[in-house]
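Okay, handing you the structure first.
Should a chain be cited, it is by its letter among A, B, C, D, E and F, assigned in written order, with residues numbered from 1 in that chain.
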Amino acid sequence: MRLHVVNPNTTATMTAKIAAAARAIARGETVIDARQPAMGPVSIEGFYDEAFAVPGMLGCIREADRDGADAHIIACFDDTGLDAARAVAKAPVIGIGEAGFHIASLVAARFAVVTTLGVSIVPIEHNLRKYGLAERCARVRAAEVPVLALEERNAEALDKISAEIKAAIRDDRAEAVVLGCAGMADLAAELARIHGLPVVDGVAAAVTLAEGLIRLGLSTSRLGPYAAPRAKIYSGPFAPFQP
Amino acid sequence: MRLHVVNPNTTATMTAKIAAAARAIARGETVIDARQPAMGPVSIEGFYDEAFAVPGMLGCIREADRDGADAHIIACFDDTGLDAARAVAKAPVIGIGEAGFHIASLVAARFAVVTTLGVSIVPIEHNLRKYGLAERCARVRAAEVPVLALEERNAEALDKISAEIKAAIRDDRAEAVVLGCAGMADLAAELARIHGLPVVDGVAAAVTLAEGLIRLGLSTSRLGPYAAPRAKIYSGPFAPFQP
Amino acid sequence: MRLHVVNPNTTATMTAKIAAAARAIARGETVIDARQPAMGPVSIEGFYDEAFAVPGMLGCIREADRDGADAHIIACFDDTGLDAARAVAKAPVIGIGEAGFHIASLVAARFAVVTTLGVSIVPIEHNLRKYGLAERCARVRAAEVPVLALEERNAEALDKISAEIKAAIRDDRAEAVVLGCAGMADLAAELARIHGLPVVDGVAAAVTLAEGLIRLGLSTSRLGPYAAPRAKIYSGPFAPFQP
Amino acid sequence: MRLHVVNPNTTATMTAKIAAAARAIARGETVIDARQPAMGPVSIEGFYDEAFAVPGMLGCIREADRDGADAHIIACFDDTGLDAARAVAKAPVIGIGEAGFHIASLVAARFAVVTTLGVSIVPIEHNLRKYGLAERCARVRAAEVPVLALEERNAEALDKISAEIKAAIRDDRAEAVVLGCAGMADLAAELARIHGLPVVDGVAAAVTLAEGLIRLGLSTSRLGPYAAPRAKIYSGPFAPFQP
Amino acid sequence: MRLHVVNPNTTATMTAKIAAAARAIARGETVIDARQPAMGPVSIEGFYDEAFAVPGMLGCIREADRDGADAHIIACFDDTGLDAARAVAKAPVIGIGEAGFHIASLVAARFAVVTTLGVSIVPIEHNLRKYGLAERCARVRAAEVPVLALEERNAEALDKISAEIKAAIRDDRAEAVVLGCAGMADLAAELARIHGLPVVDGVAAAVTLAEGLIRLGLSTSRLGPYAAPRAKIYSGPFAPFQP
Amino acid sequence: MRLHVVNPNTTATMTAKIAAAARAIARGETVIDARQPAMGPVSIEGFYDEAFAVPGMLGCIREADRDGADAHIIACFDDTGLDAARAVAKAPVIGIGEAGFHIASLVAARFAVVTTLGVSIVPIEHNLRKYGLAERCARVRAAEVPVLALEERNAEALDKISAEIKAAIRDDRAEAVVLGCAGMADLAAELARIHGLPVVDGVAAAVTLAEGLIRLGLSTSRLGPYAAPRAKIYSGPFAPFQP
């Protein structure tokens, strides 16, 4: 089976890191097809960046869909453009944020999220409320580590994230932690060992859910908001995205 | 005062109609500066269209902000790109969806929304939940009238919308109705007269709220998710949108 | 247009202060008609005071309505008697509490309220839940300053309120603050400057919303709980209030 | 023990009916002290009537409290003035609305309310939300029978209420019904027999809860919104109510 | 009237203590029939213990029901097996957890729970959400005192519980406290005196509610989830429990 | 990997059917170890049956856990005993109800559940609320088909379930359907074809989620309610279940 993992920002090294994380968890028979858009921001930190990441990301989704992807993963913890992607892709689409929340819900009654910057707390809270899982989340915390600072292992970032996990256990009654950035994928195992609780990386979580959906033969329903977009004219650089 | 009203789709006749509706309600001293993006879809019906309308719309916001707009109104009932616009604009930003919900809440304990197509029901429900006003909304109904069919007055569209209002009063205990599309702005008065209840047009509602915010000297808080975007590189057609 | 602002307590100096705050924000063409009931308590602090403020306040509403008021504002942050006033007034009615919450929602994802005494926290929380905006409110805080201590500027009151705002930013992730008493109207600008976030005064907020409703030609729906009261006998001092 | 039951409207025949219902359920040792205010409306139908019933009702509460009442029951289904009464009474206070909801919650997972007029639906819904029990209530229905039409048994009123109960079972999945007016107290047994489900009369429910609170030695907490009102001047007919 | 109080664990001394607490509050004419199952755990601390306490407890319920119990009380704060008991008992059934929550709701706008071990916090929170009363509960706290440590008065346990009540008042704005274990029944009066707020013991609360339901002639509705179980074969030690 | 699937009722033919459904979806390398308890009811329909199914089911969980199961699936749609199983199993545990809800959330904004008997609607609603996913579920419907009637394909059962799906699409705006009984596993594909929407079978969904958790190396957190049960004495047939 063919799994398309799109990094919605334009930073190739981050795409490589995400692809590696995906391959590490994927089944032998799963081919990971990692892509990134040519247009958009180098990292996604807050609502403004999200807005410009989406069109390019949707381009990747459409292309990979035509290339025969069996499922798509959007590898940004804000689940950037997830609803639009669902409307246009034939194959099912999963965001790493929602993947993390669903998987954490299976191993804990109450989880916390540790994300990069404070500016992302509200977007993540919006998603939790939209998904219905807000009550399962004790708190969304920010380690105040910029996304690109996670590109390579660095002790300071790890310490900051670790401090937030400690606080989440002590103050929020968190039983599990979801790491709130695709760039934290390589830290999950270590943090789980240090803190003695399940630490969920959204990328890995999404890979297993996507493999599951493919196996189940399920794809996005066309009956509601994810009906195929109506044919209409798109102007400017978006002309090729015409539905 | 200078009020920027952006129609996030590329249909100029619709921009004109929205501008007329805005001017009809605006104070004498208010200048309505109506804009539309050069890039994006001709109408916004569902999540996919929204995604491609946002970048161009944000361009209008930034330009109008530099041109001295005292407030911005996003004239699409899905409040397309509202959060991103708030992060980047110096002046306050209001979506016509939220404007309609807030104003309806002042004249009714319980309101209904009548929008264009069924594909927009869930996006509007997501917004209601995000704004916290979901409990005030009895139901979001769709008249199954495409956005562009509203460009000129037509009896069939009016009848379909009217039938949904009737059903909302009878079945949903709606005390007021919010019209769920900028293109319905010219129908509010007639529908209010026919059905004997407050009918709120989001464009007009947003104009009065924007004039109010300006007068109050209030603009978007920078303390949370609407902090100014961090400087970073944006590639492709989005280069000029670099924060 | 004629805007009736009723101070539901019997303290004339507070009425004057509220009227001044209203006039400072109102449009040139708006006449502020400030009233206060002859019967009732000198200040409203908690449920018991509210109960006795309402009948006199409703008398003011009815008289001003007959005198041609285009809208009414109830200038007590508990929105004392708001529902009853809506049922009896021809013109629309706005409470300064709800006005503050709605306006704050337009400039922040998450706001805090700073009110006078702890005894008012639960009444305000009840309102937030009733309006549907509880999720937008991070926390209702009390500065433990009695209402009448706010009659004239005093440094101690300002300090206490300021300390609560500081705590709201630090501990509650508040992005904006709503001042929870009509008597704080004159402090908003200063507190906004000190703390660098939007500070909303309910009186000013209500004036702009009321002007907006008038302009929109909207008044309270008669279809639900605000239908005109049925004719019936009222005994005692309430005889003249017979519907 | 001495149980004060206040009918917040001025209709003496209704007070007598309520007193009879209370005595029918009360223990042998319980003295029912039924009162009604001298001032206020003849019946309570909606927010406006509520506002004018409260001051007189609070007078009854205070007098009965001084006369040694061990508990108070407010015998109007809207729980008119309940919060204010709690703040001022030494003895515990129970509303028949909340009593009905709590008791119904003990015999059914999901109940419906059948009240008199449509104008009372929203006030009851507000209370359900305030008490936290909204999720337990399938729906609030109105039989469109005015309060005073219930003063004497009449077949038409019974039929209308019965029709709503039938609909609640069939359409709302109601497992129990709470009768939404003190004037329906005498119909509960008959309606339960007809429809084969628990039918809760708020007056009777409140008597048993009040007897329970007395026995438990519990009264209203003074730590929060029900702290004793601060001493202050009340003008007009309310002077004697000064806290 | 005959009131069956079942202690769902197998510790006879605890049953005796619970019976004493029930008798202390019950009316003169009420006979307290206290039972405990022969099979199951010696105490209930968390979900696993609950699972094994239920079958034996249901046996007690069925036997007492046949012996003519007029109502049943399940004397474990987790309301262990309450739903199943309702389905099978002719007489009404009350859990001491729900009893505590309902009674506390009548004397405070906001209460806290102080239970034994942290492992019970989530089960209690689940119940609060199921009952609809989660919003009334400020917080569920654990004193970290094992259930059986409460068998006899001990200063250390009292101190730990007392410290949590103090914290609940100071940090959670609790106005009343519900003691979260049947074994704490004898501490309520003392803790109320120390902290000056209503302290609710679930056993006593349940006795008064049960006496009330009996008096009201109300029992569990058969229309929904509490319909009599369908006849079917039960294997193993459960054969006698066959419905 | 070794996947333990426990049918919590004692009907061996149903266990065989569930095992077949699990094997049909499981990976080649996954061994399905299907078990059923020796004690308990032949089918689970409502709260009473659940109570007696749990102890035997937990026995299966403990044995399979000792036998080296990598994950457990509880194959009853009520997720019977799920919380207790999590506390005692070393390997992660998934209920087919929650599995169905989580998977449906990935392919639809809004799903409906079609279960067997009306008596199961409230237990399922309780779970949805507990999991936080209640808002995603449009409605829980019952086809009024007893569990054991599903043992072999029968046209009548299929028709009844099909009729409910049709109603869910038409009346509830359902975009996907979750089949609310392990015994419906073999109908999913056919019903999806007939109605043109995703139909989720909980058994298959749970198999893919369990395989995912195993791959992710995640198991139940021990920090909260799922901490290992404290050692204590269990009497009667439960002695061997002593923690």
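We adopt the following convention: contacts are C-beta pairs under 8 Å (C-beta built on N, C-alpha and C of every residue); 3 or more make two chains touch, one makes a residue touch a chain.
According to UniProt, the chain labels map to these proteins: A, B, C, D, E, F = Aspartate/glutamate racemase family protein.
Quantities reported herein were computed from a predicted structural model and do not represent experimental measurements.
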Margin query: Applying the touch definition from the top, give me the chains sitting in contact with each of chain D and chain F.
Written below: B, E
Next item on the list: With one step meaning two chains touch, work out the least steps from chain A to chain F.
Entry: 1
Notebook entry, point to check: Which one of the chains is farthest from chain C, going by Cα centres?
Noted result: F
Check: Which pair wins on C-beta contacts, B-D or D-E?
Finding: D-E
Checklist line | Interchain centroid distance [CA atoms averaged], chain C/chain E, Å | finding: 44
Check: Approximately how many whole Å separate the CA-defined centres of chain A and chain B?
Finding: 29
Notebook entry, point to check: Listing for chain D: what residues touch at least two other chains?
Noted result: 109-110, 121-122, 129, 135, 173, 224-226
Note to self: Quick check of your reading of the touch definition: is the inter-chain graph here a line, ring, star, complete or other?
What the structure shows: other
Check: Could you list each pair of chains that touch, in label order?
Finding: A-B, A-C, A-E, A-F, B-C, B-D, B-F, C-D, C-E, D-E, D-F, E-F
Checklist line | Complex contacts: residues of chain D adjacent to chain B | finding: 121-122, 129
Next item on the list: Can you check the complex and tell me which residues of chain D touch chain E?
Entry: 25, 27, 92, 94, 98, 102-103, 105-110, 131-136, 169, 173-176, 189, 196-198, 200, 204-205, 208-209, 211-213, 215-226
Note to self: Please output the residues of chain B touching chain D within their complex, sorted ascending.
What the structure shows: 109-110, 135, 173
Margin query: List the residues on chain E that touch chain F in their complex, please.
Written below: 10, 37-43, 45-52, 54-56, 58, 81, 83-84, 86-88, 118-123, 126, 129-130, 146, 224-227, 229-230, 232-238, 241, 243
